[in-house]
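Labels run A, B, C and D following the written order; every chain starts at residue 1.
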Amino acid sequence: MKTAGCDIGSRTAKAVIFENNTIISSAVIPAKLDPIESSETVIKMALDQANLTMADIEKTVGTGYGQQEIPFANCLESEIVCHAKGAWWNIPSARMVIDIGGQDSKAIKMDENGKVVRYTYNDKCASGTGRFLEIMADALHVELDDMGKVGKTYKEQLHISNQCVIFAETEVVSLINEEKDVADILNALHISLANRVASLARSLTIAPDVIMTGGVAKNSGVFDALSEGIGLPVKALEGIDPQINGALGAAIIASEL
Amino acid sequence: MSIVAGFDVGSLSTKAVIIKNNKLAGSAIIKSGPKPVESANKVMKKLLDETGLLQTDIQASVGTGYGREKISFIDKAVSEISCHAKGAQWFVPSARTIIDIGGQDCKVIKLDKDGNIKKFITNDKCASGTGRFLDVMAKVMNIDVSELGKLSQKSTKPISFASICTVWAQADVIKHINSRRPAEDICAGINVAMANRVSMLTNVIKVENDICMTGGVAKNSGVVKALSSILGCRIKKIKKTDPQLVGAIGAALFAQEYR
Amino acid sequence: MRPELKEYNLDWLFASTFSVAKNIGKSSPEEMEYVYSYIPYVRPLIEPVLETGKPALTFLDLFGDYYTNIVNAKENGKKVVMTTFCFDPCIFYAVDNLLPVTLEIGTALTSLAWKRGSTDFMDYCTEIGFSETGCSSQRGAMGAYLAGLGAQIDLVALNMGGVCDTNANAYNFAAQYLDVPYYGLDYPSELTTDEARDYHHKDYRNLVRFIEKHTNCKFDIDKLREVLEEKRKQDDLMNEIEDMQRLVPNPVPGIYHIMIYAARYTYSGKKKFTKMLKEMVEIVGENAKKGLSGLRNGVEKNRTFLVYIDNYSNGVALYEWFEKKGISHLGNILSRTFAETAPYTTGIPGTAYRIDTTNFDTMIDTLADINARMPMTRTIRGSYDAPNMWLDDTLSLAKIYGADCCIYLGTPGCRNTWSNIKLLARDLEAFGYPTYIAYGDSFDSRVETWETTEMRFEEFYKIRGLL
Amino acid sequence: MNNVFIKAVANLENSSIQTWKKNGGKTVGYTCSFLPVELFYAADILPIRLRGIHAHSMEISDSYYGPFVCSFPKAVIQLAGSGKYNFLDGVVLSNGCDTLRRMNDCWRKMGEDIQGTLPPWFYYFDVPHKPDGHAFDWYVNQVKKLIASIEKQFDVHITEEKLNKAIHAQNEIRKLIWEVETLRCETPLKLTGSEAYAAIIASTVMPVDEYKIQLAEFIANIRDRKIDLAMDKKKIFLGGSICDDFELISLIEESDAVVVGENICFGVRNESDMVRQTDDPIQALTRKYLSASVCPRMMGWYKERAAMMIDRIIKMNADGVIMQNIRFCDLHGTENGLLERDFEKNNVPSLRIEREYGPLTETGRLKMRVDAFIEQLKSAGIKNKKS
């Protein structure tokens, strides 16, 4: 049976088509102001790739900020459960998921069956989110996708450590005005974001394997810094875009309905 | 004849003005680049092109803004707070309280009649209550920050949301968008939240009339309206010129003094 | 502060509102509507309260009285003492010319009952120099009194030094700002040792002298005995309710908790409070006999223990949400007396207090022992995992009341709990209690809107399979 | 600048501490100025004030502490969690404020998670919030208990004679530090705030005998200087939350300002900080450490503190006061509000700033505020220049 998962986030919308335990197709688009529009566009993209129509899909599970608005979802599941499910399906040894989303970050702990045991969101006033990187990319005139690569070329170890993310921005502005090298600033940014998120995982007491999901996982700078931050190597999802993990989880859950 | 210049290298935009015989003779605004020096040089070039002056014609110049220390060609650097106060009072001589909401922070400055600072306060708590707050929200709303004011005026019942922390306010706004609340009510809510934060700062140093508002946010009629209703007094705006220029103008006026 | 707010005196608003509201119960639906038209914003608070029957009217009557007395304090030649919820006010009622105002209750009521809650008053405190990060529970009502929109304060007396510095600090600010005499009881980190006991007693005797000095009247031993005997009755009634709460389903309506502790922190030792408790015991007893749940829809799906306080910043949204979901509210840290007759104190030496009215000294010592066991004064003075402290209490209470899960609701101003709630949650999880930490502010909806809190709750109960 | 002190405060385990340990000396860390360090010297143990310098991230401490607490204890926990304090033989925590008090909870929990981060001797010292009567007796009792615990843990005997010797040594230091404070009131002004403050912090991280020699030398050198550092600069008095590094002061002195005094929990605040040499050293110590009431943690003693500050501001003839508090430090945040009001009454210009703790501070925002404040103080000067 063919199922679909649709994850309408604050910054992006994702969809996954799933059949007998394999991913047939997937799509990611920047979220539109209207979540309905986002969901319809992204699911169509995924369906087209697999030459399918909505009629072929037996069940769809929706998740993410905009889940309530997805018109074609048969049922809804929280991001927490979906991310746990997706990561566990991809890497059965996964016991922890760290997801840095556009709006918030989460650490999720699960049992050997991928069931959520505990979870936590980013602290208020000390949040590390994908949005943070976007704003910084703007301020530093760097493409979001290049940040990781550029950051790796750092020479000087800088620190961006204010607890408030927004004030961390003003810290960056100061560094820019001190004419610090962009690569050095980026590196400091990645470490600061990674450490904010690392504390989430630590507060649940870390259990390997730890998987990092969400768009930011593509940023090698943050990814590596996160391993540093939690004190053991973080794993990436195998063979799939970390951004679609939520939608994947949703699709898997749909297949179990 | 006196020709002086003022430069304001801010985190988001860089501004420059020429003041000729105590009259505004030309101005330039550009988006700040990654390097303040370059921004300063760029804006200087633009300014000279606009006014047809040569750099050598400028008898004195003062720089302000986050990047002030880095500007190569200025005679002196003065803090934004002094410059905004100076500039605002030049336009509104009766002004005793200046509210300036910039990209990175919000300042409220109390002056005596000679433009000396009696007291000032800036937001230290969070960026909510700064231009950044509105930028972030506008981005989430997918509109230009300049539209926030216009849009909000149609609102009948502003939505109240978490406004203490910008990051979490953002999450709230997205929730409201997704639950299809009218954009104007969300915008109005954003403006009111903003005004609340600013009014608190303002009341800390106890306002004296007249109040004059400067900085980019002064263009947002929604915030200004909400703010004056909370403070319960009229807020004068600078009509003659773009409120963003006030800092640079203040700097130029200082240059006039040092000249 | 908004100019229009300066038009209204907070005490007077409460006095008139509650005095009007208490008549509602006796009215016909038409009359009710008419009365509500005078107090529109208070309606969401009063309606669910009224659903609980007789005690509700006494509750409204009690607060009508309480605030009317404060409004008329000066012309009745009474002095007003500003105090905290963690302080048993019954001692003040043993003095003829003294009336307590309890800030936290004022803040909670303002947050529950007014359109913009107490946030304008909170901001006013910041405007006159108080730290914005300070606890919102005091800032709300305190703002009104510092702005002169409430009774004129004659002295400040409270607990909490050494327990919650943030709290003591707030009252210290008020005292300095108003330039009135201040006395703060101070507490060591330990509770049950002889040294601690001795410290409590000596410190409390100084308080007695302080009160006598500034009210220039001596404590009357008979009045003191009368108040304490009344308090004994109240303890017994509260403990009766607490005891019945162990039943499944829990026969106690969730909203009783706030009604009880709101009254306890303002009207301890007064007859009206006893009356309300009696009426509650009747109703709860009836439910218990019939095996009914205290929930309106009668079906108990989950039993939740709140490890700290409730949320007051969105009307009674929290209690209503619990009702809607079939979650039975097992009370929170504020619901507990720690009188020796309480079901959760048996077998733990030194943990409870005994009311001894033999003579003046035993009564003062009793009061000291009571104060040393007021909710936070007792539970968060030491390390969270020390004997008799937060973890112990939470675990034993969760156990005897058969909690399915725990929720932390507090305020970002709480340095104590935000310094160890993550540790507590970890331990509770280890003991098998799913625990959710809410980031909102119980008194200020601007920190996290109820919609968000609700969304997180929904998620928590769903993911952890609690409903 | 005196390099010995700069070096001493630049590292947690500085060379003096290393030498001390090499010679088999024991070290104990502490967090609050209400703890009598004399007790440790009397036991030949080196007391070291715990600091949070170089803590640039919070991934460890944020997993124990919540988000809404002061970043100083967080910084200390972060360092301890990353093993930076493993060199200590013991730690004494106390209830300086709610958040410091909870360091006890967080550190123990962290000890369970990260091996070797909990020192072999972990002691909690319970300080009352009142200076006299039963509180005084309580403190005396606490001191006795602490002595007993030290003797047991380190197998030493703290005799009255040793205690008196230690008190004498500390008083000698206090006298010298008070000399430094007096130098800072003099015109011409011969030392900057940052070098003075470095010297003061060094007193908490250096063995007393070594420190005494260095400080005496430091003072002598200052006296010989032929400069006036206050020349067309504004004199600033700094108050508020803990600040265990001179960075903040350097930042202020980058503007046209010089810091001539502080009211921060380091160093001495007035002569009464001396411990009286009596036949009962414990009583004498209690009188000094508890009865001074120099910290807002002592509720109800605000008027005394305000009077003391204003008195010092006048002595140092400071042009303005900068009152800072670390975000979520309510004790200082609130007291600063009261002080601001009283300074205004006394026509002392003041600036209130809220910041993150030391290494977490974003200098850009602070600099702008400080510059503006100095310009405010100077604005009269500018006018003259014009005419």
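Just a few scattered comments:
By our rule, a residue touches a chain if its C-beta (ideal position, glycine included) is under 8 Å from a C-beta of that chain, and two chains touch if they have at least 3 such contacts.
Since the model is a prediction, treat every value here as computed from it, not as a measurement.
Two chain pairs are in question, A-D and B-D; the one with more C-beta pairs in contact is A-D. Distance from the chain B centre to the chain C centre is 45 Å, each centre being the mean of its Cα atoms. Each chain gets one centre point, the mean of its Cα atoms, and the points for chain B and chain D are 39 Å apart. Between the CA-based centres of chain C and chain D the separation comes to 38 Å, rounded to the whole angstrom.
Of all residues in chain D, those touching 2 or more other chains are 63-64, 66-68, 327, 364-365, listed in ascending order. Contacts with at least two other chains are made by residues 66, 104-105, 125, 165, 168, 171, 175 of chain B. Chain contacts: chain A has residues 123-125, 167, 170, 173-174, 177, 203, 205 touching two or more partner chains. Taken as a graph of touching chains, this assembly is complete, with every chain in contact with every other. Chain A makes touch with chain D in their complex at residues 123-126, 159, 161-163, 167-168, 170-171, 173-174, 177, 191-192, 194-196, 198-203, 205, 229-230.
Contacts from chain C toward chain B in the complex involve residues 1-4, 123-124, 126-127, 129, 132-133, 412, 439, 441, 444-449, 451-452, 455. On chain C, the positions that touch chain A within their shared complex are 412, 422, 426, 429, 437, 439, 447-448, 456, 459, 462-464. Chain D contributes residues 63-70, 73, 95, 97-99, 101-102, 104-106, 108-109, 124, 126, 128-130, 133-135, 138, 141, 296-297, 299-300, 302-303, 325, 327-331, 333-334, 336-338, 340-341 to its touches with chain C in the complex.
If you check the complex, the residues on chain B that touch chain C are 125, 160-165, 168, 171-172, 175, 193, 196, 199-200, 203-204, 229-230, 232.
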